Structure formats: structure tokens, C-alpha cells
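What follows are several structures.
Both complexes below contain chain A, partnered by chain B and then by chain C.
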Partner chain A sequence: MNKHLSNGILRKYSQSTTNNIPKISSTLILSRLPVITTELSKFEKLFYKYQEELWRRLMWTFPKWFYFNQGTLAELRYKQLNKGSMSYDPKILYPRGIPDLKQGRDRRFRQYIKAPKPYKEIDELSQEQIKEIEEQKLKNNGEELINKDDLTRKIIPNQRVTKADLNKDDKSLERRLERTLYLIIKVNDSWILPTFENEKNSTSLHELAESGLYKIGGDKINYYNVSRIPCHVKESNNNKEYFIKSHILSGIYEPQDKKNDYKWLTKEELKTYLPNFNEIEHLFSEV
Partner chain B sequence: MFSKSTILNTNNTFKVLVRYKRTKGSGEVNAATQKIVNQLSVLSASRKQPKLLNLCNEDLIKHKTIMNAWNLFKSKKNLKREEQLRKQYESMKNAMEDLKNTNKHLYKLANSKPNKKEVDLFPIEMRIPTDYPPTIPWIYSYKPRK
Partner chain C sequence: MNSRHFIRQFSQTTTNLKTGYSTVLPVHHLVKVEKAKLKPCYSEVVIPSDDIRSNKFKPTEIDQDRVQDHYYNTLESDLLLKFYEHDSKTIPGLKKREWGTDSPFKVFRKGKRKPKGSAIETQDIIPINYQNIPKLNSIVINSYNKNALERPWMNICTRLQLATITNKKPKILYNKSNILPWKVRRGKECGAKVELFDREMNQFITTLTEIVLPRLRAFEGIKLTSGDTNGNITFGLNADDILLFPEIENFQELYPNLNGMDITFKTSARTDQQAKTLLSSYGFPFYKPVKNSG
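Coming up: the complex of A and B.
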């Protein structure tokens, strides 16, 4: 009897709140993590340069006898490239101070070592050779002739700036490789983070975000959900948006409705697109 | 008589010391030992250390200024990051408290851990940023598992 009564009260109490049950929706912060390291500032570059020079200056002498056996061809090649400094002669005047040689190294300075290699650096080439290479480049669509099967070939790293950067393509996942990119979509002429409404209030927030993403962007997306726990809540007029974070790992976002526009933007660029940016600024990565 | 004595004399002077090739040196070791000595010498600091840095006062002040500037730069960066992390934690906590009051069921689901069947494994596709991009910066040809 008592139990029934309390149940009734509970039901009555909960029914009274049904009128203003907030609409729950989950908002997806889909990010593409940086592919390359961040661009260093000028100060950082100079500081690292300074530290490296100090470190090189205080390094031990290179133990040549350990790496090159005496009398071998390899030692001969090493010797041809690395001519030892002049030893001290009392008859000579030394304006930069008396040399202090030990194991063929002047202990006052850092030791520069050249390793034998099958190609020459630009500063080692003569003017004619440089001309020849440039002519070859012109013939070969601006690229140097390199045998890609050669294991001892010169290593040329890929460009940090991609084609998407040069074309200013906002929709490419290959733009701004050094920064985290976030997906925003255009709904009713305003840019928003993709938001999905929870109709029955029964599916969990992260599953709702997943199914919603597949619905608007196709299922060719490989993503990793960071956590099931929402990272932010935004309340407005009986609406509650819970933010879920995910990383896109591979695949492509293809809008299923061709009218829907989308963009991959960095934190700074989001500022001009999202109206409530100041509220959620801390959710986006600086890098 | 005379001739006999001379022979004796000459016999005495014939005792001359002869130098043969040296077989044992004072500092020499066999090849195997020499190899080990070479290997150990790589790890040893003897005869390989450069001269100590002897900075003049002006250089010392310059060095200290550089290090101070670096520490200041780093502490500013750290403060900014800590502030951001604090804000992120607060908003996460706030969101969960809010969810607890609005919908108990969703709160439970958000707190739940994945089943043994559907474990959220850490993705092996995730990569650490490198100094230069790979030849194929992004893989578009992903097909969902069915």
C-alpha cells in the first residue's frame, strides 16, 4: 500500500517535469590530428641551434680507429675527406691561438667529420656541374634525376607544404599538415559543428554521434572515439548539446546530401565561422 | 810459440754479442686483446675530451640571458597549457553533472565501459607526427568492415 503510494507520487512528480524535458543532442568534434611536427618559432629555432652548437663543441673526439680498420680502403676514403689539422710548430705564429691536437682533433673547437657518399652536395659542385643538373631538371619536369632503386641515393624529404595548401582547398584532409583540423558543416546558411538530435533519448551519446556522422558523411570514415564521456555541454532554450570528441584516422568525408557544404579548419580559422567560438575555445587544440 | 799465442788472443776477441730479432715487446699484446682494448677505448674518455669551455664575463652574461629567456618562454607555454587543461576538465565535469540531472540512462551509458566483445582498441593507424610528411599524406581508400 505504502509502496504503491510512493510510486504514484514519483510518477506524478516525474510527469510534472515531462513538459520541459530538454531535447538532448550530441555534437561531434571530429578532428584530423597533425601529420607533421609543429612549425617552430624563430626564437625556438635559434635556441635549438645554440644548444646544438654547445653540444657539438663538448663532444668527445670521434674514435676513427674503431670504425675504420687500419690499412683498409674505407680508412683511405675517410682520410682523403678528413684531413687532420696542422700540429703545433714553435716557429709559426698562430693568431687564433696555439693548436692543441689530440688524436688528430683540435681540442679547442668542435670536430667536423665528413662521411664518404656517392653524391656531392651543392656547395661541393663546380659551376658547370650545377648547370648540367639544372638542365637535366628542366628536361625532367623540374625534378632531379634519381634512381629510386639505388640504396645509396640522396635522400630528399617530401615538402611540408602540400598541393591542397597551394590551392587553398578547405575541403582537403591534406591541408595544414602541421595543425589539427576540425570538421564543420553548413546547415541553413550557418556554419556549425555537426549536431545530431537524440529522438528517443535511449541511444548513448557516442553511438548517436557515430550513426549521425555516417548518415551525413558516408561510411568511408575510419574514426576513433576518444571517450564516451561528453567534454562539454551547451544549453539553450530547452536544448542540451553534449560534445563528443573523435579523431578521423583514414577515409574521406563525403556529404550524402550534395547541398551540404563542409570544411576542414584549424582553430584560428574556426573563430570566424562559429558564432559561439569563445565558449568552446578551450576544446580545440593549440597545435 | 808466437803464432800459438796470437791464436789464443784472437780466440778471446771472437766473443761478440749478436742482436737477434726481438720476439717479445714490452707494450705489445696479441690481436684478440688489442681488439678488446680498441672497443673499450671507444667508451673511455681518455685522450678524447675537448677543452673545457672558458667563457669570458660577457659571454657568460649572454648565456645566462639566453637560458633565462628560454625558461620564461617555456613557463608561459606551460601556464597556457595548464589553463586549457583545467578548463577542459571543468567543462567535462560540468557536462557529466548536467547529464546526471537530465537523463540517468544516458549518464549510465556514458560511464559504461565497452563489452568484452566490442573492445575499443587503440587504433594502430594512428601515427606520431614526423618532421616531413609521408609520400601519401592521407589514406582515402578506407572500406568499412562488415
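Coming up: the complex of A and C.
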């Protein structure tokens, strides 16, 4: 009986060595992190504005005497821009309450300081100057002439919406700057996250993912592997699919085989492309 | 002896000579009550300072905090994966020991014996899970000014310097002991310090990693040997480096007496290694100092 049992176990082991070697593959979750801050909702904007105004009321009075020495040209320019508030007169009735004046500032409210600017705002320009700028714009294909070497130029932030967004270019890394993008590729007419099978018995999962990525996407990718530990495993039949998380830092993904299509998509967009999205939904970022 | 009989106590209703006692525990005289605050005219004072009705209220959420957003959107989940170890267990720290009973002198000895191999107790190192991902708690900026010992007015410069950089009122440091060769005397002003939290902390990180540190030519990074073994990392900036802070850079003639400062990152990590990984994810470089041989 005992002999029989041990034989049975032995057979089981021998089976596993011949047929049941699990097929290990490594799936790469390659993401491009958000480049800009998220767009705030209207409520959030109002909340922050309200809180900021409350905070600004507590601000210290600007120490003019510290930054501008008396009798200097700088002080004169400052005085021309910043006219002091009215003095308090007890005979006058103040509808908004008695002013709390200290150092020429009403301490009930925030203080606005005007600093001399090396450029002029649109409302400060004369009509002739505005005409000149518009003529220049027409000559320059509708774009304003900006001398980028000029350090005193007005700082204008870039657009949150890029050209890739306007062209609906799924293959650009410059689309949806406020969201995390994930790489998917098209294999045999179905969209998947890049998966690499362990053919050469690689030593580790992340190395397998790395060599696979360079093979399909070229070596112009500078990426950061978050950890050697996989963040998810999908087991089916005899396959074990390990998910390796990494971020693309710079460079571009160039498909080595021209037939292979690829896309950079956000979490919501992935839903329509990946068939097993519900199983791996938690691996993708909401932002 | 006689006078004692006439002392009336809280637990007694009548003089000491009579029998009988109160069943109510005499708690009322243990609790200090500031009666002034209970008056209706002082009701505003009793409101806690984080309540918007309080006159001490200072708003903290004043704008979008992109450093904090980055931590919650990206770093937190990455650090969890980075520090995750299969089947890891708590590594107990060194704790104080019992004296034992093998000697009659040890039996009634007060207190406990110091831990084996260390003068102080050390923390347990708990495996990282979703509840204890390392996080930056605060930044302490400490500026010790030894020149202020002889010329007390110089401490004003140090306090002003910290206040301009951090937008917070610094606390004054005082000497604790008398060391005459260094002119250190107990109670003398010797510098200032500021502790930054939340938005102010994140603002300071942005200034350091994006404006100040990239422009320091000799700066290689924070030393890898830095750390107090409990997950707090410190590095120093000298007086010349402080000129690069944007608040001071354009008004250099107003700050003739700048002083170097030590910046300590207080993290919730239990080991220095984890704390350094956290800081490097915020964009602080680290380097291995080369030992001088011979």
C-alpha cells in the first residue's frame, strides 16, 4: 500500500517535469506620468480662492522701509505706483467699517503691491502701440513676436491643450498632459499590454520586460523600472503572467515592426481597447 | 494636634470629630478650571483655533499643491511596490531588559536594564503595507549662528533670513550649557529654527529642487551616509549657497550677514534607506562620499 502511494506521488512529480512547466511571461505596464497639474473643478477653484483671500488678509504689511531706502530713485518709482490709502477721519462715517490703518495699509484687507514692470499690459498701451502689435501678428502668421532671449519679457504659460490633443494623435506622448498614459500594442488584431514570453529562460522578470520592450520599441526609450517585484499576476491554465510596472522618462517608442500598431491611452480609453480590463482595472491610475 | 481636628476636608460634611463620609469621589479639586473662560464674554476664546469662527484661524488649503498631488497620484503606489517584500516579518528593535533574579541585589532593583549592544531602545521595523507607506512629515530648518554669541544683533539677521525664505516666524535658539572657550553661555541667543508642514513644506521642496540645488556648482547631492538611523535625513547649506534662494538673490545687499543652515527631512520611514528612497523620488540626488585614504 505504502509503496503504491509513493509511486503515485512519484508519477505526479514526473508529470510536472514533462508537461506542466508553467509558461511564464512578463507584461509591461509602461506609463507616462502626468506632466501638469489636474484641472480643478469650478467648486474647487472657488474654495481655494475663498481660502486664499482669508489667508491674504493675515499677511504682514509690506516692509517698504526695508526694501526701498528713503530718497532713492527706486523708492520714488515705488511711490508713484503705490498711492497710500486715505487717512482716518473720525468725523466721516465709513459704511464698510472703521479702517484699521497701520503703515499706510488698511489691515482689514489684503495689501496689493504694484512693482515696476519692464513691459506693459494691454490696458496700459496706447491705441497706436496696439495697432503695431496687431500688424506684427499678421506678418508672423497670427503669433505674437516674442524675443525668447529677453529675460524681462512677460511670462506666458504654455497651453494645457497641446497640438497632439487637437489632432487627436493617440501615438504622441504629448497628449493629455494632466493624465497618466499607458502603452498598448496591437498583436493579431487585438489590443494588449506588451507581453513577452520567457523563451530564453531569462534570469528575472524585469529583465525579460526590458529586453522585450527594446525589441519591439527600439532603444530610444529612457525608462524607470519601479520594482523587480511584479504588481499583479494572472494565472490561467498553465500560464503565469506577471505585471511589471515602469515609467517612461524620456525618448520615444518607435515600433520596430511597421505592422505593429501602438497607442498611448488613459485609463478610461483603455476600457474600450483591452478585453480583460475589468481584471486589471485597479492597476491603472485615476489621474 | 488639636488644630487638626478642626480642619474640614472635601470628603467630609462636618468637622473631623463626627463619623460619616461622602460617597462621591472628590474629583473636582483635581481639575483646573479657568473660570474666566467659562464667562459668556470669553466664549470666543474657547473656540478651537482650526475653527473658522476663531480669531486665531489660519487657512491651510489655499491653493492646489502639485507636490502633494504627485505624492498621492504616483509616488505612494510606487513606493508601496518598491518596498514590498514577500513573507516579510517585523524585525524587533532593541528593547530594555529585565534585571533577572539570579542575585539578591537585582531583585528589588528599580527600572530596567539597558538593551543589549546599545545604550538606547531602537524601533521595530514593520513591513511596508498600504497603511504605513513612508511619507514626508515635516522639514526642520535649523540655523546655528555662533557669531551671535558675541554680537547679539546678528541673530536678527539669521531670523530675518529664515523668515524671508520660509514665510514663517522662526523660533529663537538658546544655548543650553556653559562652555567658556567657545563663549557659549546658558540662555544666550545662538540662532533660529523653523519647522515647515504641508503646503509650506512642499513649496520649500520645490524651491530647493528646482531653483537652488541645480545652480549649486559644487553640489553633488546629499551624502548617502546622512541619517539618524530612524528615517530622518539631514544636509547642510552654507552661507554662499543661501544667496541662490530667489527671495534673497535679488536683494543681496540687504542681507550682509547670511548664515548657513541645516535642513532635516522628518519622514515616517523607520529606516534611513527607505527615507533616502523617498527623498530621491522627490528629486533630491544622493552621492557616496569618497573616503580619504592616507
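We take it that the second predicted complex is superposed on the first by the 251 of 287 C-alpha atoms of A that agree within 3 Å, B and C clash if a C-alpha of one lies under 4 Å from a C-alpha of the other, contacts with A are read in each partner's own complex, and residues count from 1 in each chain.
In the analysis below, contacts are C-beta pairs under 8 Å (C-beta built on N, C-alpha and C of every residue); 3 or more make two chains touch, one makes a residue touch a chain.
None of these values were measured; they are calculated from a predicted model.
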- Query: With chain A superposed, do chain B and chain C clash or fit?
  - Reply: fit
- Message: Is A:L58 touching anything from chain B or chain C once the two structures are fitted on A? First, second, both or neither.
- Response: both
- Could you look at A:Y88 and tell me whether it touches chain B, chain C, both or neither (first, second, both, neither)? neither
- Note on the structure: Once both structures are overlaid, the C-alpha centre of chain A sees chain B and chain C separated by an angle, to the nearest 10 degrees, of 30
- Task: Could you look at A:C231 and tell me whether it touches chain B, chain C, both or neither (first, second, both, neither)?
- Result: both
- Message: Contacts for A:F66 in the overlay, against chain B (first) and chain C (second): which applies, first, second, both or neither?
- Response: both
- On the superposed three-chain arrangement, identify whether chain B or chain C touches more chain A residues. B
- Message: If we overlay the two complexes on their shared chain A, which of chain B and chain C does A:L173 touch? Say first, second, both or neither.
- Response: first
- Message: Output check: A:L40 vs chain B and chain C. Expected answer is one of first, second, both, neither. What do you get?
- Response: second
- Item | Partner chain in contact with A:R107 - chain B first, chain C second, else both or neither | first
- Query: Between chain B and chain C, what is the tightest CA to CA spacing in Å in the combined model?
  - Reply: 5
- Message: Please report the chain A residues shared by its interface with chain B and its interface with chain C.
- Response: 33-34, 37-38, 44, 47, 54, 58, 66, 229, 231, 286
- Note on the structure: chain C residues touching chain A in their complex are 57-59, 61-64, 66, 69, 73-74, 77-78, 81-82, 84-86, 251, 254
- Complex interface listing, chain B residues touching chain A: 38-39, 41-42, 45, 47-51, 53, 66, 69-70, 73, 80-81, 84, 87-88, 91-92, 94-96, 98-99, 102-103, 105-106, 109-112, 120, 122-123, 125-127, 129-135, 137-140, 142-144
- Note on the structure: chain A contacts chain B in the complex at 21-22, 24, 33-38, 43-44, 47, 50, 54, 57-61, 63, 65-66, 100, 102-103, 105, 107-108, 110, 157-160, 162, 173-174, 177-178, 198, 201-202, 204-206, 219-222, 224-225, 228-233, 235, 240, 242-243, 247, 249-252, 282-283, 286
- Given the complex with chain C, which residues does chain A contribute to the contact? 33-34, 37-38, 40, 44, 47-48, 51-52, 54-55, 58, 66-67, 180, 226-227, 229, 231, 245, 285-287
